[in-house]
Each structure stands twice: as structure tokens, then as C-alpha cells.
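This is the structure, below, for whatever I ask next.
To keep things simple, chains are lettered A, B, C and D as they appear, and every chain counts its residues starting from 1.
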Amino acid sequence: MQGYTVPLSPRGVANLAPTPPWHYAGTVVAVEFFADPAAAAATLPEGLVLDPDTPGHGVALFIDWQYSSTGKEYLDPARAQYHEFFVTLDARWNDTPVAWCPYIYVDNDAAMARGWVQGFPKKLGSVHQTRAYPIGEPATPAVAAGGQFGATASASGRRIAEARVTLQQPVADPRALALRPVVNLRHFPRLAKERQDQPAVHELVLAVLDDLAVAEAWAGTGELSFPDAPGEELADLNIQRTGAGYRFHLAYTVTDLKTLIDYTA
Amino acid sequence: MQGYTVPLSPRGVANLAPTPPWHYAGTVVAVEFFADPAAAAATLPEGLVLDPDTPGHGVALFIDWQYSSTGKEYLDPARAQYHEFFVTLDARWNDTPVAWCPYIYVDNDAAMARGWVQGFPKKLGSVHQTRAYPIGEPATPAVAAGGQFGATASASGRRIAEARVTLQQPVADPRALALRPVVNLRHFPRLAKERQDQPAVHELVLAVLDDLAVAEAWAGTGELSFPDAPGEELADLNIQRTGAGYRFHLAYTVTDLKTLIDYTA
Amino acid sequence: MQGYTVPLSPRGVANLAPTPPWHYAGTVVAVEFFADPAAAAATLPEGLVLDPDTPGHGVALFIDWQYSSTGKEYLDPARAQYHEFFVTLDARWNDTPVAWCPYIYVDNDAAMARGWVQGFPKKLGSVHQTRAYPIGEPATPAVAAGGQFGATASASGRRIAEARVTLQQPVADPRALALRPVVNLRHFPRLAKERQDQPAVHELVLAVLDDLAVAEAWAGTGELSFPDAPGEELADLNIQRTGAGYRFHLAYTVTDLKTLIDYTA
Amino acid sequence: MQGYTVPLSPRGVANLAPTPPWHYAGTVVAVEFFADPAAAAATLPEGLVLDPDTPGHGVALFIDWQYSSTGKEYLDPARAQYHEFFVTLDARWNDTPVAWCPYIYVDNDAAMARGWVQGFPKKLGSVHQTRAYPIGEPATPAVAAGGQFGATASASGRRIAEARVTLQQPVADPRALALRPVVNLRHFPRLAKERQDQPAVHELVLAVLDDLAVAEAWAGTGELSFPDAPGEELADLNIQRTGAGYRFHLAYTVTDLKTLIDYTA
């Protein structure tokens, strides 16, 4: 049997995801927000605490992704493209400022499988963001001061997030985007009756992103809401206020991951 | 009752499409092809003949569209964006070279409604094209010589078209794209038993596209196939060979339409 | 060119809908409601008035349909099945009690096309209803007193209707379901600039349903809400209270339609 | 943090699947087939061999499922219902005849998550089967001799399976359906660079199905094909001939699983 994720198979081409490298290029619409700190803290796994400097601060990101491994997978865009919405919250791993991802949604099974392996707790969702074209106003915003971008996410036919960004100025230094290292919880349950409360995999991990690049970054103002929806807990974050909005291109490669704590050991 | 298309309603916001203007910005992956001339001719409505200079020549276009009317509809991308695949065939209306659209697929009901009103015979389909990002190789092609773009269309779970374009050089003069004026057949049936063969609307029309613009056009080589699928007749076009491939941005506005022949008059 | 709806084509198999007969079998979850009478009246086309005996009374219906014409189309269920949600409001055509359909949603392009031809103002939506199996409790309700059925509809990623029915007793006489004759407005716009306010088709029509049959009908209590959603006007009906709930199978055939008033004549 | 699968969360309602019990009710269309034995054997994990009595024999099953845990989840059918297509192949675990599932497709993220935990290697797919209604011919087959049912599955816009069953007679003894115990491979990779070939979870498991019930079972003739599709390996099974076709209702509950061999121990 060959392959990396399920299904393992004779030729190893049916699997949802091959062994890395996993290369990504995406366009991001993002809005900063300040959640109720107690609600944000309640989402944290053992091992992380809220960042005391920015308690409740987080970012909502909507990304139109294209993926490839080593085979120009982008030439089959029905499989290689997907839309993603996720939230990160500022946290601390010991003294290190990190970003914790409690909730994330994609519209593609391969992206869901890769995400689970990385520790991203992906569910399916329907995600959209305004696109910019070099011609075509008024059917497109300009990537320029005043340009406006909307973004939405839905799960099971219910809207779970809505954002709007109005650009003000280019971001000269991408460090201003404050992209923290992401910490995830890899988790995979056992099903044997007497061990259902003892997951087979349960480890705090640090995402390793190679060749991280940002391009054409703009900052401005941001609006964001998480409408209440049964079966989801995003709205519990109880947004107190929003901060900056951003739009930029993002790229990186995944080939590795670092375990911080293995709770099953 | 207010509104332009169905449903007409008290406030006129539920309708699938408002009264024009309809503004469009899109990214196009296109491949020239030469169909069996007899098969191409068989798709033509009364009033059109095959272009005797290019019998069987046509273009397959895959477009990622964004739409707006007068209200920044692009800020609700779940409604304003759609993917489209269609085919045009070279034809003549009297002495005028035109493009006839026999088959077209979109993934959005508002696009389907606007299309029907224009005479585009839209059905639902699932359509994808490779996207180019300014960073992120090898997850993205470059818009440069050698850059490759795939495009696919499916209907009811069956693949109906697959294309690939390899860029060679920029297109200095967009006229080289040979975008002919599009002629459609507006058609809407009657259901009263004795008049089901007498459509209520059946008229040959010329699309009027205001402010047509093309940007960042590249040409290269093209590959294209129309796999056979029950309930579809694309494969009957029986592609003999393919020609150039293109990738470019396209924008225009629809506010009008010209009737060439009204067959119900 | 052959076919009934678009696209007309050489073999006449690509068209969204063939010439009738159109046969339907479906399972219905329905809830009676009482809208704000003024809001209900505001949805009526010229020629209809609210039923003075039941002002504001209506029914919300969720139907899991299977369609066939003369070719056992049900053997290709990816095309032949669809889910539908619609609302009817009690109205009068002269002295005849009728049901007017202001809003309707389906998840299938052929159903949308047939609907438009009938005058049903169909948009795309995502519609679900609880299903009953003869075995499998607690994963299924029983079709028996106390059995509960949920039903939901969403459009563009937003929930637009939610219903719940709790069965109490079988319905001995299907006339108790009070299925009124349905009156629709067939409407198809013109796009020529100076005539966009003069639709090509605009006629009040009476649906003709042959061989109407009802089976296994149960009645009970009903709950219903129309959550507010941009781009939709269902919530404007402003439900005051709900009435009975129903679950039953429904079948009929469409071969004809009767014009009540042709406003374009 | 509460919950069973990802995402773990403060209230434990966002998780894709709760701790069992998982109750299921479904309607099955199934076709027996005989694959190339070598191709069937190539899909087997270590620990299983082809059943020497029926080498290459398998079953393709299309199921319309409804799921509930302890909270009447079926009242939210947008989440609780899903469509599934999978294949089993006759195998032996030591001397026990079992069914091995190499490939399986669903259209619901919660079903995908529960499946992974059980060892079903689920991917997303679009799956449909003809439905039977008690009224409505010719829009429905009868559950009677001669009744015909179609079923199809697609992944990423390509058809991967098509089946047809023609009923002949009821199945008096459901044991005739030859439902073997299912053996799966629970598999979850590691991502740390040096251990990507050492999965975190890799164990052969026996599915435990409580309260298994079958109802209204009919048998007849079956037709089946697995069209070739890039990124899938179903077609490699190279069907030599098909056997009986079946249609029946199926129900069971999952609360446990038995590990046969843990390859990571």
C-alpha cells in the first residue's frame, strides 16, 4: 500500500494528500478583532495561555488558496484550489507569542486532510472574498486607497462570519502584519469503547512554514461579525471591537512540524 | 411589484437580476478549436450560417467572473462571483462575422437568469481555472512564457471540458484575440398544451457590450477536449484540432441588446 | 434545432427540459402560517387579491422531488432529483380561492427551467427535510403520532427558512390538506434598452396538475420561521403565528397551463 | 476543552462528531461485482488476504444515510443526512471471512470525520440513488419485480461509479445479503519531517455494528462500472463481471471498535 493519508492504495495516487512538500499560494482578506478575553481563553488547549499583552486579540482570515506538491497539481484546479476561513487568537507558549487556531473551515477534502495532519481542526464551509481585477471597475475594487473587499463564510447553510476591509495604504514592512507562529493541537480519537476518552493522537504542535512570503500587502480599516449558528462556537468569542483590515498575497511551503508537547506519551 | 427578473417582489431586492447596468470583470483562459464543420453548422439557429472563411472554428472560454450593478454587489462575493464555461463558433449574420454560443455553463443562479435574458442558453456547471499569484511558485504558474494554466468544466458530476494553455508571448494588440460580436437566441417556451411548439420568445439577438476592455493578454499553445456525457451535446462538436491558447482579463458592461430577427413577430 | 427550453441543439437532448409530460413524485413537509396580511398582499400581482376569508394565511412547503418525463429519467438521479422550498399565500382570482407563490428555491437547473416556464419564480437554494426510514430509530422518526420532522432552506449561505412538524394523526381525507390551485406569474424581461420595463412575457397563469395524488398524509403541529437575509424578502412576510404541520407524499403530472390574463397582449 | 473529534471547544458542540453512540438509518442500492483478483489483492493491507473462496468478489454500495446521536440530530437534516458510495472486497482475517473497504466517498464533513475514526478512508464525493415513492409512477420505480434503480458517484467533477439494479424478488432471509464484518485500517500520519513514513495511527480494526437491521430487501440483477478518473484508483479494480443487485433499508449503531493488529505498537 502506498500513500501518505487515507486512502492508502496500490499506486498511491488516490490518497487525499501525498507526503510533503505542500506548496501554497493564496490571497488573504483579514480583519483584526478583540474577543472577550475569557471567551478566547476558554478555547485554549493545555499548554497555552492568553497573551497577557494582547488578551482577546485575534485575526479572522479568509484565503483563496492554490496548492501544489511536486506535480503541478495547480493544473487540475478543481482539486488544487480551495477557500478557507479561520480565526487565530494571540497566545503564549512559555514566553513565545504564538497564534492559536480554534476554528477553521475549507471547501475541499484534500485541504481538510492536510489540515488535520497539521493539527488545524478543519470543517467544511463555504467561503468567499471579493476579488480584484486590473480592469473592470465598477465590477471590481481597485487595490488602492478606498478599495473595499468583502468576505463571508457559511457552514451547513448558515452564515458564520462576515468581514469587510477598506484599504488605506500599502504595508511597507510585512512584519507589520504580525503573523505569529501558529500552534495547533493534533488530535485523533480512539473508538474502542473503554478508551474513547484517551485520544490516539493529542499533541501540541508548532507549524513550520518554509519560504514564507507576502506580496502587495495593504492595510486599512476592518469590520467583522460572527453571527450565531447552532453547532458552531465562533459567536461565543463575543467580538468587542475590530481593528485593522488587511489584504495581501501569501505563500509558503509545508515540509515539517515540531511537537511541543505530546500528551499521549 | 418591483424587480426586473423573477421573482418580482414588494421591495424589488429578491429578484435574481436588477435592471441593467450589469458590470463584469473576469479572468479568461481560452483555447481555439476546429470542430467538425457539419457538427458546428448543426448547432446554428435560423438566420446564421457557418463562417465560410473559418468553417468549424470556435473558442472555448473559461472565465472567473465578478459582477456588480450599481450597488457594489462585489462586496457580497458569495452572490457576485461565478465561474463560467462556454463555447463560441464562428458564424455569419448576413455579411457580418459573429460568434454563436451554443452551450454555456455557470455556477450561479443570478448569472443564469441574466444569461437567459441575453439569450445565453445557460445551464449549471462546475468550472475551474488555474489562478496566477504574484508569489508562490511552485504553487502557481507565472504569467510569463512557459506559464501553464488548466481549466475544467463538469455538469451533473461528469467532466464535459478540459483545457490547458501554455503561455508564449504577450498579446500586444487585443484585436488579435479576435473577439467577435456574439449572437444569441433568446428563447422562452409556452406551456399551454396546444402551443408548446410556439415559443413566447424566439429572437436572434446581438449582444451589446459597452466599455469592452482587455488587459494582460498572453497567447500560447492550447489543448482542449470535450469528453462525452449523457444529456450534453458538446462532444458532438468533434474537435478536429486545437489552435492557440490565451489568458487575459476581460471587462465590459451590459445595458442593451439589439434584436436581429424576431421569429415570433 | 431541437428541444423545448434552452439550449436548443441538434439532437435535442442538451435542453434543460423537454416538452411535457413532466411527471413528479415527492415527499412533503409543510407548515401553515399566518403572515402579516399587508405584507402578504404586497406580494400579489395585478389580478389577485388576498383571500378575504383567510387574509395572510399561507403554507411553507419543503419537498424532496423526483422527476421523469417519458424516458425513466429517474435512473439518472443526479439530474432527476431535487429539493424544493416554497411558500404559497391564500389569494382570490375573481371568486376562486387560489394559492399564489411569491418565492421558491430549488437545487437543480432543470427544475429551475421548468419552473420559470410554469411561472414559478425559482432561485437556487439548499433545502433539506428529515427523512423517515422503516427501521433505524433513534436515527429516524416514525411516521406515527409523535414523529418529528425538521426542514430547512438556505440561499447564498444564509438560512432563510426553518420548520418543524410533530405528527399527531393520519389525514383521512386529503382534501383536508387544502391544496388550492396555484396561480403563477410567467415573466420574462426584454433587454433592449428602451423596453426594459416592458417584459416580453408577463401573464397570470393557472397551474394545471394532472393525476394529483396524495399518500400517507399525517397532520400535527407546526413551527416555522423565516430568518432575515439580505437579497431575500421572505422575512418581510412577518409570520404572526403558525398552524398545522403536515407530512405526506405528493405526485402529479404537468402537461398544460391556462392563461388567466396576458398583460403583454 | 470538550468534544470527541476536532475541533475541541469550550462547549463541545462545535466538534464534527460527538462521542458515540452513532445511530444510522439508510437506504441501500448495491451491486455485486468480480474484480480482477490481482487488482483486488493489491488493495489489501498487511494482515488480510483475498478470500480464496471468492477471489475478487466485492460489493459496491450506494447509501442515503440519516444519522443521529442522542439529541435527535435528524431534526437538522442539513447536517444529519449524507450520501455515501463505497466498495468492499471479500477478504480473510486469519480464517474469518471479512469485507475490506479500499475506497469510500461521502458528501458531509461529519460523516468524513466519523469515518476516519472508524478507519473508513473517506473522501468527498457526490452520490445519488433513485428513490422509491408509494405514488407517482412514472416518476418513481415501484419496489416490486421489474422496479429499476440507478445510482452514481462522482469526485471532483468526474464520474467514478455508475450502477443499475432491476428488482426480481424479495429477500426472505437478510443473511442472503452476505453482509460480512467490515475490516478497516485506521491510519493517521505524522508530519515531523523525519517520521513522515511512521504513521501515528496504523492499525487493522474490526467494525462493531450494534443492532444491525435490514428491511424491505429485494434482490435482482445488477450492472456496474467504474469509469477511469485521474486521482482515483477504483477503475484499477478492473471489473470482470457483475452479479446480483440489491435494494434494502439498513440500520445500525456504532459504539465500539475492535483492534485486530496495532502496527504502531
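Points to keep in mind about this one:
Just so we're on the same page, contacts are C-beta pairs under 8 Å (C-beta built on N, C-alpha and C of every residue); 3 or more make two chains touch, one makes a residue touch a chain.
Only a predicted model underlies this, so the values are computations on that prediction, with no experimental measurement involved.
Summary of the copy comparison: rotating chain A onto chain B for the best CA superposition needs 180 degrees, to the nearest 5.
At the interface between chain B and chain C, over half of the residue numbers involved are used by both copies, so each side presents largely the same positions.
With A-C and A-D as the two chain pairs, more C-beta contacts join A-D. Centres computed as Cα averages put chain A at a distance of 34 Å from chain B. Centre-to-centre spacing of chain A and chain D amounts to 31 Å, using the average Cα coordinate of each chain.
Centre-to-centre spacing of chain A and chain C amounts to 39 Å, using the average Cα coordinate of each chain. Across the assembly, chain A contributes residues 76, 78, 126, 128, 152, 154, 157 that each touch 2 or more other chains. Chain D makes touch with chain C in their complex at residues 23-27, 64, 66-68, 70, 72, 74-78, 80-81, 126, 128-131, 133-141, 148-152, 154, 164, 213-216, 249-251.
By the touch criterion stated above, chain C contacts chain A in their complex at residues 126, 128, 152-154, 157-159. Those residues of chain A that touch chain D in the complex are listed here as 1, 4-11, 13-14, 16, 19-20, 39, 42-43, 45-46, 76, 78-79, 102-104, 108-109, 112, 116-118, 121-124, 156-157, 185-189, 191-193, 196-197, 200-201, 205, 230-234, 236, 254-259.
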